[in-house]
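This structure is in structure tokens; I'll ask about it shortly.
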Amino acid sequence: MDLRVQAEAFDAGAELNAFTARVSGAGAVVSFTGVVRDAGQPQGGGLQRMEIEHYPGMTQAAITEIMGQALARWPLVDALVIHRFGTLHPGDPIMMVATASPHREAAFQAAEFLMDYLKSRAPFWKKEVGAEGAAWVAARDEDEGALGRW
Amino acid sequence: MDLRVQAEAFDAGAELNAFTARVSGAGAVVSFTGVVRDAGQPQGGGLQRMEIEHYPGMTQAAITEIMGQALARWPLVDALVIHRFGTLHPGDPIMMVATASPHREAAFQAAEFLMDYLKSRAPFWKKEVGAEGAAWVAARDEDEGALGRW
Amino acid sequence: MDLLYFAWVRERIGLPRERVETRAATVAQLIEELKAREPRYAAAFADLNSLRVALDQKLSSFDAPLAGVREVAFFPPMTGG
Amino acid sequence: MDLLYFAWVRERIGLPRERVETRAATVAQLIEELKAREPRYAAAFADLNSLRVALDQKLSSFDAPLAGVREVAFFPPMTGG
């Protein structure tokens, strides 16, 4: 299990390659990368930066527990979570998840499970700062609802 | 849409980074990498190499159609498929899929859809060559069955 | 007891953490005490549906007892990932 | 008409492609003609459940008509991905 909560940027491609090399028995590797939306896109119109706050005392333990659940539930060779906090800019990777398994279904399901729980149970809060002001990203009802399927 | 069917090796991490940079409006990027299992692992015991045969006249068209279906069905910014043929060794990436969307559910589902169809509808055949001989990889009933959910 | 505030809870109250003396038996009672203090607390705790609480770094509920708890954190629903 | 063989179909028949003259109206009839030729064809086409066919590079079925078809490919279930 590899978990990093950090302010520093990371290279998702290099992390994917390192993870894949480490789990060479796996066969199937799934990754998810969350990226700050580009200001040039309609969805992100005017976004200048994102500020991510977290709860240092709780973050590591909460994600470790989520990862432990995933490793217990699916036949995973390993799992990786990297999550940034602090100031990020459009196009920056915010976080990534990777899972490795002999079975592609398990790798996909575990990655989705980790994402669903990280979205609603890991103590991070995102604030979007644009030309016209700043706003905290609201939790989506669908994200809370997504937990129901596990 | 980016589709490459090739004998040459590829760098999954570099491809993921290039894809992510290209779809900067997306927010959510999912990748799947299929890797030749390591000879050192119980699952791959004694595997020396994998020979992948394909049907050149059909491969490109079949995958293009599958990708077109994915792009029509989910709100994707883009999709990538790379699939190798020829001789591969344990630890080598066989193929990768990447999908990008503003919504993580769409990115995950489209990647799983592409994988399910590539498994059973793209004209590739894998032969495993080990110390004690060679055997064609048999299609799994679950793989054919997985198409039923789409 | 240490109180921690995150995101817009922190912004409304105007500080990230503070130490309080309280005899509140539950989180809900503690919230009532805080709301009675000053309008900024009343504003932060106006809508409990949009609030979450963690006791000693574990997600909990508003009716949970505070006995033995050293750190209470209030924050909006999390938006990780 | 060009016939293409892949994977163990190719190995059993012993060649990757060949050109044939046929009046078979359907894929199934073509298969019967081939099986009658030589044991290696009979071996390759013994179990149709483990075979797939593509007509002009499109996955098809054994009862499909061959009229106008230029390329017929036989192979086991695909194992891509």
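As written, the chain order gives the labels A, B, C and D, with residue 1 at the start of each chain.
In this text, a contact is a pair of C-beta atoms (placed from the backbone, for glycine too) under 8 Å apart; a residue touches a chain by one contact, two chains touch by 3 or more.
Predicted model only: the values in this text are computed from it and were never measured.
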Taking each chain's centre as the mean of its C-alpha atoms, give the chain farthest from chain A.
D
Chain centre separation (chain B, chain D; CA means) in Å
26
Averaging over Cα atoms per chain, report the distance between chain B and chain C in Å.
48
Centre-to-centre distance between chain B and chain A (centres being mean Cα positions), rounded to whole Å
22
Among all residues of chain B, those touching at least two other chains are 34, 104, 115
Can you list the chain D residues in contact with two or more other chains?
81
Which chains touch which?
A-B, A-C, B-D
List the residues on chain B that touch chain D in their complex, please.
34, 53, 55, 57-58, 61-62, 83, 94-95, 115, 118-127, 136-139, 144
Would you mind writing out the residues of chain A in touch with chain B in their complex?
11-17, 20-21, 24-38, 40-44, 90-91, 93, 102, 104-105, 107-108, 111-112, 115, 119, 142, 146
Help me check something: in the complex, which residues belonging to chain D touch chain B?
4, 6-8, 10, 54, 57-59, 71, 73, 75-81
